[in-house]
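So that you can tell them apart, the chains are marked A, B, C and D in the order they are listed, and the count of residues begins at 1 in each.
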Amino acid sequence: MTEQAWAILRPHRIRWAECDLYGHVNHAAYLTLFEDLRVDHWQSLSGAPIAPDRPGPVVAEIQARYLRAVGFADEVMLACRVASFRRTSFVHEYALLKDGEACCTARAVCVVTRQDTGEKIPLSPELRAAFLAGGATEG
Amino acid sequence: MTEQAWAILRPHRIRWAECDLYGHVNHAAYLTLFEDLRVDHWQSLSGAPIAPDRPGPVVAEIQARYLRAVGFADEVMLACRVASFRRTSFVHEYALLKDGEACCTARAVCVVTRQDTGEKIPLSPELRAAFLAGGATEG
Amino acid sequence: MTEQAWAILRPHRIRWAECDLYGHVNHAAYLTLFEDLRVDHWQSLSGAPIAPDRPGPVVAEIQARYLRAVGFADEVMLACRVASFRRTSFVHEYALLKDGEACCTARAVCVVTRQDTGEKIPLSPELRAAFLAGGATEG
Amino acid sequence: MTEQAWAILRPHRIRWAECDLYGHVNHAAYLTLFEDLRVDHWQSLSGAPIAPDRPGPVVAEIQARYLRAVGFADEVMLACRVASFRRTSFVHEYALLKDGEACCTARAVCVVTRQDTGEKIPLSPELRAAFLAGGATEG
């Protein structure tokens, strides 16, 4: 991960339901936490809630690295940013940090799609500008 | 629970994801297992998959009793039956059994609703007959 | 539900992962939200995090009523309080409220148990006092 | 993915709880389905259930590609195999197939770890032989 600043950085306390029987956050639970960031980030940048008749991000590919186990009630930070973008897609980066150290990092390739038609939609000029302002690179 | 036979009775092995950090099936995971039974039972009796433009069961009330803890990889049986019904609703009973003993039992009051209109729909004569044939009581 | 004040009352925005394909919060997802309240309430009253070698609440029975559907991104309030208690158990009440109206209410009978030994543990005088101060009734 | 045969290939019907409000299997739900395969495959090859005091696979990295949406009640096949292995780790490949076509594929780097000590454990000669017999490559 680069030194680009996080667009969203917010606290979270690990929930009982996020842990599995080894007492650690389950690997799939991180993806659901990152999904919240994706939805919120998209909604804040696009200015509209995600809905079937509006373009929204669909995950085409995701990659996660589990670096350090995190346990029940741990106080962590959740972070995301757009690393890069193309005409109809963008790369979203995520991290769960504890004491400033990344415990899990992930990258998702998101394709901007209208759910009701399945059509890929080009990023609007406003979104491209917002991505660039956040430090994302084009291409 | 009465001596009425189960309408569905099928094996299940407890999944990793169903257990919480105390090593037991989480109380909410039972409800998701019973949801599978509700969906399957409804589809098999109504002869059609659940869809927004067809009447389907909506849970108005659920009650669960946790009698005995169940752990990872345990071989259990999942069971359901319709205990009783009224004009637009029915009471669905569920159990998770291990070695023939009930570990969790539940009852849901299900209201037959068309999702797209929100309308309550009277049970069809075919469903009422199927419920009666399964040992359910009316009223 | 009575007019007893809520011990915990906090905002929540419905997450994508809490909704099912009918666009509403799934009936089991409410229980997980209420689980967070149970854990937090217990930890704040007992002054110690839940751990296998300390007494903690185990759900013996739960009852939930689904009064009004709640959808993605809805801003709601989550609430809980102890309604009553006995020697080794207590009744926990929960609600999810939207615009001041209860959309889902639930009650859990919680047995105070040491996870490592399975032993039921009497409520400490401090906990009984805290329950009474919160408006709970004994017996 | 190569032409190596799947070690496990088994039917699954998409559950209500696996779908999100767009009516498709949620991206995190695939990981939980693949987790079942990982656990079962490990248990069948090692001859012992996963437990804290025995070596078991811990996911260090996972990568998933979402190729085609899958919906509620779809009949699919779940598949896994070990693609390669090293001294204390192996690469597990997964797929969800519908009508013979891959809808989601994933690869996990699994480190063989004893949960109670956190120690990485070398693969036993029996496991290495089983991996090789299944078509995995070493290194």
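Here, a contact is a pair of C-beta atoms (placed from the backbone, for glycine too) under 8 Å apart; a residue touches a chain by one contact, two chains touch by 3 or more.
Everything numeric here is computed off the predicted structure, so don't read it as measured data.
Two chain pairs are in question, C-D and B-D; the one with more C-beta pairs in contact is B-D.
For A-B, the equivalent interface within A-C, C-D or B-C is the one where over half of the contact pairs agree by residue number, namely C-D.
Put simply, the C-alpha centre of chain A and that of chain C have 30 angstrom between them. Chain A and chain D, compared by their mean Cα positions, are separated by 24 Å.
One finds 36 Å separating the Cα centroids of chain C and chain D. A separation of 30 Å divides the Cα centre of chain B from that of chain D. Residues of chain C in contact with two or more other chains: 16-17, 22, 28, 32, 35, 72. Shown here, the protein chains touch in all possible pairs.
Interface residues of chain A, counted against chain C in their complex, comprise 15-17, 32, 35-36, 39, 43, 49-50, 72-73. Every residue of chain B that touches chain C in the complex is listed here, in rising order: 22, 27-29, 31-32, 35, 52, 58-66, 115. In the complex of the two chains, the chain C residues touching chain D come out as 16-17, 19-23, 26, 28, 72.
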